[in-house]
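The first chain written gets the first letter, and so on, giving A, B and C; residue counts start at 1 in each chain.
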Amino acid sequence: MLKKALIALTLLAIGLVVWAAWLGLAWAPPDREMGDVQRIMYVHVPAMEMSLLAMTLNFICCVAYLFRPRWSTDSLAEAFAEVGLFFGTYGLVLGSIWGKPTWNTYWTWDPRLTAMAIGLVSYAGYLALRRFVDDAERRAVWSAVVGIIIAVDVPIIYLSVRWWRSLHQVQSSPATVDPAMVHALRWNFVAFFVVFIVFVMARYAIARARREQEMTPPPLVLEAAR
Amino acid sequence: MSNALELHDVSKRYGRIWALARLSLVLPEGQSLLLTGHNGSGKTTLLRLLATLFRPTTGRILLFGQDAVSGREALRPRIALLGHHTFLYDDLTARENCVLLARLLGRPAAEANALLERLGLGARADEAVRTFSAGMRKRLAIVRLLLKRPSLALLDEPFGELDPAGIQEMEHLVRDLSQAGATVVLATHQVEHGQSLCTERLHLAAGRAAQA
Amino acid sequence: MRPSAPPGLLSTAWILVRKDLLLEWRSRARANALVFFALASVLLFSFALGPDTTFLRHAAGGTLWLAILLASVLALGESFRVEQENAALDGLRLAPADARALFLAKALANAVLLVLVGAVILPVLFALASVDAVLGLGRLAGVLVLGCLAIAAPGTVYAAIASHARSRDVLLPLLLFPLLIPAVVAAAKATSLVFEGDPMLQSGSWLGLLGAFNLVYWSLGFALFPRVVED
């Protein structure tokens, strides 16, 4: 049943991505100041939003695990971390591509970019930790601890553009943006969100399967016991 | 009289191996249990579980009527473990190691000093543990155990590395502990030494209770 | 059985801090090696960054904190190796000693060691980079202490984790360095301002960042360390 849902969602995701890509690349009008370069926003912004969402959900799973240890929670945390790292790296690369023609540089040390870079390396470290601990229960507890510690960075990534004067744009609201662009952006959000769900489901299934493989089932009662 | 130990269907897993498998056990207060079994049978795991070093994977452990996991802060002052590791700092002196424990227990340093004398370590008490032989380290570990005045004494292979005189001393120690009312669990594969000291016996094989 | 009066959380932490500092003093050959490593780092940075003395003067703050950061990885790893030798940490847990007191003691002792390393490097840095504490030694000491505390708190938590994992020598810096970036940046900037003067009064914000970092990570370490060492 899960497999069918996954296949259905994957097809939906593909369809949505194609639709949203058309909206963003062809249908929406070019930006008044930046021209067609601005179209990267339609993929960069949703990618980053998904990354931050994943990081936040990872944090929630880590806290949940420390209160109620469940393999499902631990596997979800692992899935969110990896998907968050993927979307974040993707978004960062897209941002760099946008940066070159816009600010004339691929990278700059402004607070939001710095915070995001720190975040990505942190989650890479989180995943490395999981690889280097063999005992499944310890791995779950320790990565929950590390996940909580590195989550401090996430609100900083989000709020940095509001707190400090930085090169990165402040969040815009729909009121100030052309409705056609808003429309295209919204569809891209939907598309990315469905892709996000597909990735998390698949990655969760892999993590769960690995946990099952690591554990032998509890021993049965033997007849000749004392 | 209440029970010192109650194990209800306790299992402990390390990775893919079940070190203990569905073990149930009751030991009344003041009794002493001889724990036998080959290497890898789960004796050390059981002792470490009883010491509240970690929690069981499944099942429940009650020590003196309290849950060993939720009540471990309250239980630990009453439990002492003589294990494979000595819990010592090699760079500190024997005295410093013992006085550290005394302070953590809220006891005066004089108690630690007295025990060091009693176990024949007075002369070398101010030398670093790094210079001690295995036998001396064992005696130092015994000082730490006695310092706690435990209600539950857990001894993991206490006769290992001891010469006949040392073995006799150890047997005296176990008898003293029992006479003081402590509950003792003694794990050894040298059954001949432990047999006379203990009122009950449990043989483990592959993490389960078995016939000896 | 005579009832005893076991020490409270802070008293336990104080007992353990003295133990940790005593251990560091006893194995001071190790502390010496740490200082020499940090000094060698300072020299390496100075040579690698070139002979331009103006540039070296501007980079002095960063050089100091990079050297301390590198030394911290060694110091933090070592502070738990000594607990693993004879399972002494288990002995402490069973004493019983509250795991939070263990954290406070370890982190504080590590911070003290790092401050010592920094204090030894500074005169060398003064000479090599031709800098001086324009804003005063008091301010410099304050930055040094705040920065070392900031490194020690999360470092102690991560060192405890790494000491039980594979590839611990790689894992500790991998986890620790990204986390410490804000603290190291703030400390380095604040130090540079002490060396070069602060006409635009920026020190406040950098020290504020260091202070906030300390507050957050000492609290988190205090709350989470028991989950790392206890099962």
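The working rule: a residue touches a chain if its C-beta (ideal position, glycine included) is under 8 Å from a C-beta of that chain, and two chains touch if they have at least 3 such contacts.
Bear in mind that the values here come from a model prediction, so they are computed numbers and not experimental data.
Student: Going by CA means, which chain is nearest the middle of everything shown?
Tutor: Answer for the innermost chain: C.
Student: Looking only at C-beta pairs that count as contacts, which pair of chains has more of them, B-C or A-B?
Tutor: Per the contact counts, B-C leads.
Student: Could you tell me which chain lies farthest from subunit B when each chain's centre is the average position of its Cα atoms?
Tutor: So the farthest one, by centre of C-alpha atoms, is A.
Student: Measure off the straight-line distance from the CA centroid of subunit A to the CA centroid of subunit C, and report it in whole Å.
Tutor: Between these chains, centre-to-centre, one finds 32 Å.
Student: Distance-wise, how many Å sit between the C-alpha centres of subunit B and subunit C, to the nearest whole number?
Tutor: One centre to the other, that is 37 Å.
Student: On a C-alpha centroid basis, what's the spacing between subunit A and subunit B, in Å?
Tutor: 49
Student: Hey, what residues on subunit B touch two or more of the other chains?
Tutor: Expected reply: no residues.
Student: Going by the contact rule already set, what residues in subunit C reach two or more other chains?
Tutor: Residues 231 of subunit C each touch two or more of the other chains.
Student: Which positions in subunit A touch two or more other chains at once?
Tutor: If we look for residues of subunit A contacting two or more partner chains, we find 134, 137.
Student: In their shared complex, at which residues does subunit B touch subunit C?
Tutor: Contact set of subunit B toward subunit C: 51-55, 72-73, 76-77, 79-81, 83, 85-92, 96, 100-101, 103-107, 128, 144, 149, 151.
Student: Can you tell me which positions in subunit C touch subunit B when the two form their complex?
Tutor: 1, 4-7, 12, 15, 19, 22-23, 26-27, 82, 85-88, 90-98, 231
Student: Which part of subunit B faces subunit A closely enough to touch in the complex?
Tutor: Residues 11, 13-18, 21-22, 57-58, 202, 207-211.
Student: Where on subunit A does subunit B make contact in their complex?
Tutor: 134-137, 214-216, 218-219, 221-222, 224-226
Student: Inside the complex, what are the residues of subunit C that reach subunit A?
Tutor: Within the complex, subunit C touches subunit A at residues 154, 157-158, 161, 164-167, 171, 174-175, 177-179, 181-182, 216-217, 220, 224, 227-228, 231.
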